[in-house]
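Note that the chains are named A, B and C in the order they appear, and that numbering of residues resets to 1 at the start of each chain.
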Amino acid sequence: MFWSALTFQLGYNATLVTLGATLLGVAAGVTGTFLYFRKRALVSDAISHATLPGVALAFIVMTMLGFDGRNLPGLLIGSAITAALGLYCVQWLSSRTRLTEDAAIGAVLSVFFGFGIVLLTVIQTMASGGQAGLESFLLGSTAGMLYSDAVLIAGGGALALALVVIFRRPMLMSAFDPEFARASGIDLNRTDLIMMGLVMGVTVIGLKIVGLILIVALLIIPPAAARFWSDRATNVVIIAGILGGIAGWSGASLSAVAPNLPTGPIIVLFAFALFAASMLLAPGRGLLMSALNHRRFQRAVHIRQGLVSLAQGQPIYEPLTLRLLQKAGLARADGVPTDDGRAQSSRVLRDEKRWEVARSDPAFEMAAARYDGLTQIEDVLTPDQITLIDTRIGAPSVVAQ
Amino acid sequence: MTSDIALAGPDAANAEAEVLRKSPFAIRGLTVSYDQKPAVFSVDATIRPGQMTAIVGPNGAGKSTLLKAALGIVKPLSGQITSLGRPLAQEMHRIAYVPQRASVDWDFPVRVIDVVQMGLYREIGLLKRLSGGQKSKAMACLARVGMEDFAKRQIGQLSGGQQQRVFLARALAQDADLYLLDEPFAGVDAATEKAIIEVLKSLRAEGRTVVAVHHDLSTVPEYFDDVLLLNVRKIAEGPVAEVFTDAALEAAYGGRLASARITTNAATG
Amino acid sequence: MNGAEFVPLSLTPLLIGCLAAIACALPGNFLLLRRQALIGDAISHVVLPGIVAAFLIGGTIATLPMLLGAAGAAIVAVAMIEGIRRYGRIEPGAAMGVTFTTLFAAGVLLLEMSDTSGVHLDVEHALYGNLESLVWLDATGWGSLVDPTALAGLPPELFRIALVLVMIAALLVAFWRPLAISTFDEGFAATLGLPVTAIGLGLVIVSALAAVAAFDAVGSIIVIAMFICPPAAARLMTNRLGTQVALSVGFALIAAILGFVLAGYGPRWFGSIHAVSAAGMIATMSGVILALAALFGPARARST
């Protein structure tokens, strides 16, 4: 069953919804990356919570005008209006008062959501309100979706994605290097507006499937996961889109075969699984690799420090240093260097001296910038340059002890 | 620790112990790294008592990091810090630290006098009320930096120089033997710089030790007795007259010295 | 309004609402000043998975395991945020977003997949509580306040939130100075020998405690609103920490009373006999107070 859903073989509606969720995931992942680089990930939380009063108001207005209150396009338009108002409140509070953006976000999301709840209870008391089913907007649901709704979501996802592709350059530039973007003639305010507009669009489209409480996860988790895989902004954007798409696709598919479970949480947990795998396993920034690197680095520092001390005949203070030297066969338990240790320490000392010369000579400034206390100077300078340095130091001396 | 030192022979160990016992602030083998790039590498330093020492070096040389790691605010990779022969962590009650002005949120809802009274925390503890004597002590510290008229102001209304003076007043209230200051002259006006240096000199006259991270080479000989030249590693340490030489500066500043020396010569020469 | 109607039906929910609002507003002041306002948001989201997990393990909805489960979830959340931020080098906002959406999603799924039909536990209840149901049916009027048999029938939520509020207030008074110093200048606080990490964690745990106790009665939406809105409004009114905290308590009280009264009696003015959500209305009122403070508060502008 799950497999048929994954391969789009579960009927027209389910296929459309899964397609919509996939497109939505890609669009959200990509849009979220710009937000992430601007360090404003949680603004989306305020926007999404602020949709609730809009949904409720739209239902009330449509019902009072004699239309079907559950008309999805109408509800989404309503949600977009209050989401925009919520976003405006966040901007206003954090720019015009002393409140920081996080406080403004928290205030807006709780107050708008609270007011939305008030409106929901009003709807429950309305004659036609009992079956409104607006609660499904909280956690998302794909069950019982109308054909037109599925088309709307798939189309909306495609549109959001298209807009992201069109505006990717200015958004990337202003997210990554605002000063440079401004100098290149990009209107930062307008780019921010487009970015926030896209965030709103993704939120509104995602309301029905993922629900307003969890839609932020699609904007936040894929970029954070993608960040582990690359240091290049463009790559992060693409990877985040892919990860978001996978989460949306597999989540919606699973939800299609388990209609009693809310869709939003399933998609979010898929996204988190991708995040956890990335955080653990990604090369470079992943936890496993950096833990190994850190350990290696710490040992290298201790051994180098110890060798320098040995070379200069100084006592070794740190038990860990001594233990590592001992283990590497460079020193005895009482701190006396072995033959190997003596040879290596004189080499380290010579390296230190060379660095000292290189770092004090403006001619080597470029190379000196790579000094980190561990890199061997042979890795940075040419043999000729080293010979030049050595003539200034004199012949390497062997440590006496 | 004693057993490690013993490895280098009893005489060396005794001499080293004697050195550490005399120094109010001694650093041995301090290495700190952020993201596998050492900010401070294997630094030994021995601050002389009752002197004013400047920690000097180019941007990113690890000056502030050295202080923060010594105080335990950031975690070092290795190293031992002592004061008069005992681990510094046990001697914190004799130490006053003045952080960089930019490290705190000046929009915080407190008044100037409240900040100064934070320096009395060790005396008053959790629940005790401030006595009249302690209140006037806080005011006196504020007066010593020329800020007594601002006691009731909200801290956000102060200029940069005034904020720095308030921080110094808070340290004065701590009544410490060792004062560690992180860039006390950064971004302050000339009058404040003069006021701060006068206070620091008066601390020295009282026999206290002052260590300051300092970025302006031109004023080092005028303000300080000793200097610790740092560029990730220690380049040199000792009395200004001996250590503050072109060769040492060149080692610390490398190719960037050209501009640095101009400012030095302009002020001293 | 006569006592025979007010005391049994409105007095206890009103009191619980007020106590819950104050219990959240108190730690909220320090969360706000530490730029951790959204930790309150995260905590209130993870209370749900904590309670569900406690229910699945313990099999009951007894108070103590629920409180422990929720507090445990809050600690797990904080550890997760901190771990993702530090070891994953992800900015704090995103780390928070990853954590609370994931835990909340897990809580919802656990809840939906387990058989909780026999107990009063669902997502809607978790979000906006059921303040109105915390009535005191043993009461017959004001006289019941001195009637031991009637008092025995008070809803247990009242004692729970009162106890938590007293604890929070006592902790706040006892640790006021270290909390203020380490919030203002953490580096300096560390050199004073203050355990800054423990203080930060303690504040989060106290906030979690407030969130759990309040959540039980009023749902997470009030919790978030009360963590942030009253302290934020108070910050815009004054530049003194003590005054700010006092004002925040006042604002929380006003929001709770106004919200409760408007939710219960407001619709009658429009000719409707149905009350609206008290929790939602209390959150809305806290927003109105914040809006007024943002527009007219004497200390609303940044000083630097």
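Following the convention adopted for this analysis, contacts are C-beta pairs under 8 Å (C-beta built on N, C-alpha and C of every residue); 3 or more make two chains touch, one makes a residue touch a chain.
If you're wondering where the values come from, they're calculated on a predicted model, not measured in any experiment.
Counting C-beta pairs in contact, the chain pair with the highest total is A-C. Distance from the centre of subunit A peaks at B, each centre being the average of the chain's Cα atoms.
Chain centroids computed from C-alpha atoms place A closest to the centre of all protein C-alpha atoms shown. The mean-CA centres of subunit B and subunit C are about 43 angstrom from one another, to the nearest whole unit. Between subunit A and subunit B, the centres computed from C-alpha atoms are 38 Å apart. Once the centre of each chain is set as its mean CA position, subunit A and subunit C turn out to be 29 Å apart. Shared interface positions of subunit C, defined as residues touching 2 or more other chains, are 35, 235, 299, 302-303. Residues of subunit A found to touch two or more other chains are 98.
The set of subunit B residues touching two or more other chains comprises 107. Here subunit B touches subunit A in the complex through residues 1, 4-5, 7-8, 12-13, 16, 28-29, 31, 33, 36-38, 41-42, 77-80, 107, 231-233, 247, 250-251, 254-258, going by the rule given at the top. By the touch criterion stated above, subunit A contacts subunit C in their complex at residues 36, 39-42, 44-45, 92-93, 96-100, 102-103, 105-107, 109-118, 120-122, 124-125, 135, 138-139, 213-214, 216-217, 219-221, 223-224, 227-228, 260-262, 264-266, 268-269, 272, 275, 279, 285, 287, 290. By the touch criterion stated above, subunit A contacts subunit B in their complex at residues 98, 293-294, 297-298, 301-302, 304-305, 308-309, 313-322, 334-336, 356, 359-365, 368, 371-374. By the touch criterion stated above, subunit B contacts subunit C in their complex at residues 68, 71-73, 92-93, 95-97, 99, 103-111, 114-115, 118, 121-122, 124-127, 154, 156-157, 170. On the subunit C side of its complex with subunit A, the touching residues are 32, 35-38, 40-41, 45, 84, 87-91, 93-98, 101-102, 104-106, 108-109, 112-113, 123-124, 127-128, 221-222, 224-225, 227-229, 232, 235-236, 263, 267, 272, 274-277, 279-284, 286-287, 290, 294, 297, 299-303.
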